[in-house]
């Protein structure tokens, strides 16, 4: 992608969120927006990016720029992807179909949630770019195997296994709202699966109970090995914050890890991903790709992540705000806006491509109390 | 205790406090809620927990968990206890009787205050779990001996000696409210004791004067040795913040210390317990158990304390808010809620039991200015 | 300049800004006041000065003081200059003519913007002090050469090349306001130049498009060498934040660099100049002069910059607020006020002249979280 | 002084200030309350104490305590003194006479300002405790000598030379209020002195001009030597923040220095005294006593200062708020309150006397960003 036109972003994610909030039922908005317990981590995920300053270089010819990046051995047009997010049908009737079309338009992979309202085949049918499958492993290996094989058969080109959710985080908003799925919304990927409740939705039951019945609390590195052996797809482990787990991921053959705190929705009081990113990049020493998510709202956030060593950045809630506001068009507005902001920020850092960014381009901000 | 059901805490201690505040006379609420001088330490006790981040591990089988812990050579069902708090009859007619029943229901020890409104025998009569006796040593050794022997005879299984209150802290709220005990409330443990005023209560006299007449300002390590020699019970020293005092506690045969600033009620401007915890754990080098209290409001606070090396955590004011709001039921709501939050937080840290937690699970939070 | 009279500054730049804001069209005020994206750097530019404390020395005879400083081999009456700022005709009908007269009155050089509303010859005609020319290099070397030669012929005594703007920063206020130049305002320095649009102004086109058509994105160190070879004037590179770029500036024969983030108008999230100043002074090791700009509002800010090793400080927006409020008189009020505040602050630091200031006079402020 | 009664302070200096503010003309309140420029240092002087935490020791017999301290070779009943403050007649008709009586009642020395409304002889006539004389040295040595000899003859037992005011700080409140002394208020210590204006007051002239006419801007270490040679009194240098100046003070025979930023009234943006205290104590290595002032409002502030190595603490504005509110009684209320708070804080630190305090009792507060 070559940009020569002047780039001025009109993307205002906070305004988009306000619009989405006004449009959505409170139960839905809270499910999307909320985090665990006191939402300290939720807030910190955004504040954390501002604890890092960019150190631009000058007098580099940036008249031609290129955002493409090699991820999982394949060239992506942009160094970001859409994070896995459940139940997108709550935000817009087209749900994941709108999202995948918009993602394809900018060349960003979509990571489809196990709990998507649309099944993987339906999503693949309209996809114009890569789709990866997010896996919640079940206690029952048979069900897990069925789900993995179905995703692979449908054309998913990577498997993103969530490893930070043996139990559901304590999401007080959902408990207060008695969160339930409307009766007409299915969970396409669970159709026909022999897991408790199947695709029957979560009406009449708490989200935690629903989750607890389906997702395995006993998932271990052995299961990761087994999933790897059946998947035939690059394996990505999502939800790693400790350096030792990053090293274990490499040892167990993962292709990538996602440094993530699950959008502040699991354990409150854990580090923002960016605050452990460099440490985990160093721990991996190139043996696995390091991806990151959480709180990204600006192109400068993307640049900071890349400069600290992330290969790919996942964008979550902003996509939902675009989706709720204006369906596919709304998501494109978000993803194109982030792409343009990234492109400009890269240029103003004196870089022509993501790979030009390095540790020298970022440092703890002077007022942050960090060193 | 094995938990398999999904755990979503509805415990909201701030809301409980608001309810209790509306219900209680201002003099009583202020006595419970207040701290010394400008209440900087009071506020810091809560803020301090957020200065530490949890670093969870993943892919550990946490389908079966166990909260029990060995404390003073005995197995407790949970790694927390009810902190000693005076005059619980002000919060609810049943006072300490309601508290001890609720504590027993979750297996948490109750530490009964010297200044409890119910005497130790009355409390033991309804207790279903361990009761420990908090001792304010008097200037008069005879009175002190009588009190200690009475507590031991009644069945207290440990003696928790308060060492940070040679004088009463400067509690401006109590001075402003002219705090006094209602005439119908006694101080059961002082009945028949030859200390000035006996159990006559504090009506018509300032709290500081009342305290000053009864409690010894000259308490030294020699007295600790003497109390140890007469007690026949494990000795716990409560109110230690300096590493050298922790070492002295070990040298003088204490079984445990409580790292505590007395809920911010003694000297304003001292460290929150959590901020010196690791230092004191290291100073003790295993020679005494290290307990901690102050500002605990979430299961994640408990996990942080345990990860930093605390063996036991004392919970104070939240118990009073539960007691004031709904008696025994209110206290159970608080203690069960904390237990469930602890259980979930432990699981999300990748731990099956408190003993699995270690220093690697906690670090200064990135935005805290700490290193 | 010898001051013996008591010095009490009445300069209140925030009040001046409020007056200017009330007087100016919102589009104009926003263009002057605004920064890029979330304006974090804009705000930090001011906050940063307060992260440094002055350490005064006492018992020095400061009855006679002298503010003059050697800059580019010439003696200036004061160690500050007026930063290059475009379109001053928007603030006051006399525009840059008023500014240059006021600057001359206190002996501060004016740095005339390429995008000034008055051409260099018109400005030189009324100048009583040094005028330096700020250069945006064009993609077309012929146009650049014509501009440089014109500036030199008119009497500019230095060339200040902006190096941090290969593209225009993402200035959301200007996009929202659809910023355009009134039809009657020209851009004098572009008259007759063969650059797209010439001096036709920016009406009907976005600022970014206008900027993008004129300014070169491919500017490199080679171009700096070439500009140096044609200029016959001391070359100053404005917009350097990285130490390696400072070293390159020295290697490429620059006479000075301006440590600057372009008033927070280019890349949001970069360091305030003062936060990298000492590092860049050390990197230059005296090979080039180090100047600084951004957020200066007090004489104490000037003293901090000088103590950290800056030779000259550029003052920007305050000049515009003076200009908008009261033309030449308003600018003099600002520049004389800053001079008097500097003089007093210098004296209270125990210094008789800027050169007496050193690293020992400044340190990270205790509450700033810096070390 | 032996305290055995319970100590609960009712001193609320902020409330006292509010009362004084309501009572005093705005010009007077602002003169007392204000600082230089943006009053950053003024505010920081108070915030700084909270950046330090006290680390109490336990199980020390504190039933008998003693606040007396050796200062300038003499035993003072308390380790604090009343800071020099000008024009106390503006706060209360009795002015310095009320203050000196109250100071004597608690055994705190009064430091009488050169610009006191009452002359030294009048003050000595009612003093029951030590009075020290604060000296603004004049440009004219004859006038300075006359003033020093008069102070010594009247019975002042130390000379406190202000060294941080070669020019008056930029006190914007006073400029805005056009501060002037009422015609009926004299400046007793200047009566008959051959300095410009004599005791004629500051009506009709700015404070800075008045100050500038009388006080010497050329004061150097030579003058300190000369003053020492004529004084026959212990010499104290007030207004030192740099370690090198502390060493010079020792070398020039000072008996003590006052680490002070002049209540935030001289140069804005300098360190709070407590933030450089330990450094200056170390620099002096016992060769001179180190005193401190600025922002002290609590007994715990006094304890922190003493623990960091200060021998004496000066208390300023709180005395004025007491004086304005209730004359001598008001000042006693302040000084007795601080004494009682100090006594309690000392006891709760496990100390029986100021000399028991050491560096081990204080450390940077965990949330302060300091190390």
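Letters are used for the chains, namely A, B, C and D, taken in the order the chains are written, and counting of residues starts over at 1 for each.
Definition applied: a contact is a pair of C-beta atoms (placed from the backbone, for glycine too) under 8 Å apart; a residue touches a chain by one contact, two chains touch by 3 or more.
As the structure is a prediction and not an experimental result, all values here were calculated from the model.
J.: Counting only C-alpha atoms to place each centre, which chain is farthest from chain B?
T.: So the chain farthest away from chain B turns out to be C.
J.: On a C-alpha centroid basis, what's the spacing between chain A and chain C, in Å?
T.: 42
J.: Just the number, please: Cα centre separation of chain A and chain D in whole Å.
T.: For chain A versus chain D, the centre distance works out to 60 Å.
J.: Could you pull out the residues of chain D that touch at least 2 other chains?
T.: 368-369, 371
J.: Which pairs of chains touch each other?
T.: A-B, A-C, B-D, C-D
J.: For a test of understanding, state which residues of chain C touch chain A in their complex under the given definition.
T.: 37-38, 40, 44, 47-48, 51, 163-164, 166-172, 175, 206, 208-209, 211-212, 216-221, 223-224, 237, 239-242, 244-245, 248, 266-272, 275-276, 368-371
J.: In the complex of these two chains, what residues of chain C are touching chain D?
T.: By the definition above, chain C touches chain D via 5-10, 12, 49-50, 52-63, 298, 300, 304, 341, 344-345, 347-349, 360, 363, 365-369, 371.
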